[in-house]
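We just call them A, B and C in the order they show up, numbering each chain from 1.
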Amino acid sequence: MQTSGDGSFGTLPQIAADIAARIRANRPAVHCITNTVAQNFTANMVLAIGATPSMTLSVDEIASFVVSSDALLVNLGTFDPERRATIDIAVSTAAEGHKPWVLDPVFIERSPLRAVLAHDWAGRKPAVIRLNRAEFRVLSGKDASPETLAAYADKYATVIALSGATDLVVDAKRRIMIGNGHPMMAQVTAMGCAISAITAACLAVESDPVTASAAALLMAGVAGEIAAEQAHGPGSFAVVILDALSNLDAAGLQHRAKVM
Amino acid sequence: MQTSGDGSFGTLPQIAADIAARIRANRPAVHCITNTVAQNFTANMVLAIGATPSMTLSVDEIASFVVSSDALLVNLGTFDPERRATIDIAVSTAAEGHKPWVLDPVFIERSPLRAVLAHDWAGRKPAVIRLNRAEFRVLSGKDASPETLAAYADKYATVIALSGATDLVVDAKRRIMIGNGHPMMAQVTAMGCAISAITAACLAVESDPVTASAAALLMAGVAGEIAAEQAHGPGSFAVVILDALSNLDAAGLQHRAKVM
Amino acid sequence: MQTSGDGSFGTLPQIAADIAARIRANRPAVHCITNTVAQNFTANMVLAIGATPSMTLSVDEIASFVVSSDALLVNLGTFDPERRATIDIAVSTAAEGHKPWVLDPVFIERSPLRAVLAHDWAGRKPAVIRLNRAEFRVLSGKDASPETLAAYADKYATVIALSGATDLVVDAKRRIMIGNGHPMMAQVTAMGCAISAITAACLAVESDPVTASAAALLMAGVAGEIAAEQAHGPGSFAVVILDALSNLDAAGLQHRAKVM
């Protein structure tokens, strides 16, 4: 991917528009293991970007669903023993089928058990780990900086997508900063979980996880900015971001992108 | 019911308006066993049509809830062992109490286990089975046609409500086609599940399952068309379909109905 | 608290505005044990008032989450064995940490098991029990009146917040009536559950449970009235009440309050 502006492989907004077009054309199946708080909004965000979500958490069914999916999201919110067994099977099935998966270690700073399990799963080659600064600190034992993120990504052969006022996508060698988004995104529950699911949808059609993650964060951030211009509060914001994501086009991405 | 146009027993739009009025007057209790993705939207759709939803999935409580309900929805999404036991008790309790129930065998084409269980439950006399073509193929082993649907309905003493661009309601002898609806309905998660719950609400006040199913599909399809005229994308569509369903009146049903 | 109008300690609208400001400034953590139907809307209502929700139901994690929370909601909807164990741990942990908690005994009139357990938990010193008339009748064996409510509150050292056309907040000695709200609030699923969560958010920053409960009911009722003026049905109502709650200010509370 080329984001330095010379355009030889296209800029991130162009690439993101192309990824969105591929998602809409191919309607990839994205299986989402996520908490019950987030399931409905996540499914609607995945539909809005043009992919097909499935959400079962059943131990008995998860392998069938992952085998017939194009990408997997593993979000740790509202944890329980059956969910843990489900995640283990899902991650193994994804590995066997060479399907990309995203780990979203929600709230590991609030639960020691969750932190231990997140650490284990982070070592099982997720294509992308999407988290915030507090979660990275618990997962890695270090404060997030370009260097610590790159070292972690290198050690675990993964990509880190760090959310914040400016999002940062890092692998061992590359680094992309995305300055899009709006503070109102933090006032809607499951917004982060849903963006992780959009990352999985992008991975379903784009093999480079740095590109897929950066595209997902750009799409979500731009949709959030459009939504903030139309919304009167967090209720209407959660509605119009779905409309904005569904109506996202290359011109809007190009016009609004803040990529470094 | 009379849908041939001579009006002797009323046309489907008139009957649907009457059923909606009975639901609003009697506020029947509809117990919904449905997946956690669909629960909130389903409950709000049931409330919008004027009925009272309950949603518990607990093995220990399901019998109490079904006994005090007027109709039951059994949706197979996001399956787990406890849910299966809950469904078994719910279906038995409904049978003992002569309460109508709707089977919605979601995603059985993605899970062999789910297909086996759906086949078993389909034989336990649901008033209506609501499904799409892929699900019918797995359930019956045949492609959906008016003949295969009628044969299946006859064999299992049930009514098939097949969703699609045109919905089809079939029992052993009767057939109604409903051409209402909008493609945006497929972009909102749980829309199908919620329409199955509305079917259960109609069954709570209308003893003929062909009439109840056709009325439910007409109400939902017309509400979807009204919503599509006001919505700017799938987010606002999911909001305004609730408004439209709540405000549905006889004139709107009559004016928009495409029934054959 | 002073609600008799002499203003010596401020009137309820002033106090409610102050509580809302404290919530927005301190962003208290509110852990919500609630049914899966209600989780998403409840989390968004808690965010809209300015607090930080968490929603895990896991037996293994609940103690960690309650320890790091400022208040707890225990809602009995969609019950199951694991949820019961989770509630037991949560209530014990809250007691040890002197954290206020709200009991919302949803649907106990539909399930004898739930009624038995609700009775037990009501005896474990919730700061507030929020329920409707049917639920109070099952819990106390008596019809709700100012006298029976006060007697119950006295016996169990709690505060009763009775919902209805006029809400009533009662402890052994005090009584506040709040006439705000709108009938459309009953057409949105989980509205009551969410208001109980807002009560928990108020308890996180206000130590007097009568004041906290009355403030929560006033905030929710006023937000509901504002939403009803803008909504076209229950779908848009559920959206704009979130906007209204987020934008609630002292002038709106003062202008609209119906407190006796």
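We take it that contacts are C-beta pairs under 8 Å (C-beta built on N, C-alpha and C of every residue); 3 or more make two chains touch, one makes a residue touch a chain.
The structure presented is a predicted model; accordingly, all values stated were derived computationally and were not measured.
Enquirer: Moving only to chains each one touches, count the minimum steps from chain A until you reach chain C.
Expert: So the least number of steps between the two chains is 1.
Enquirer: Copies chain B, chain C: same or different interface, half of numbers shared as the threshold?
Expert: Both copies, chain B as well as chain C, present different residues to each other, with under half of the numbers appearing on both sides.
Enquirer: Measuring from the mean C-alpha position of chain B to the mean C-alpha position of chain C, what distance in angstrom results?
Expert: 34
Enquirer: Quick one: which residues in chain A touch 2 or more of the other chains?
Expert: If we look for residues of chain A contacting two or more partner chains, we find 36, 40, 238-239.
Enquirer: In their complex, what parts of chain C are in touch with chain A?
Expert: 36, 39-40, 43-44, 47-48, 53-61, 64-65, 68, 82, 238-247
Enquirer: Can you name the residues of chain A that touch chain C in the complex?
Expert: By the definition above, chain A touches chain C via 35-38, 40-41, 77-81, 107, 110-114, 187-190, 231-236, 238-239.
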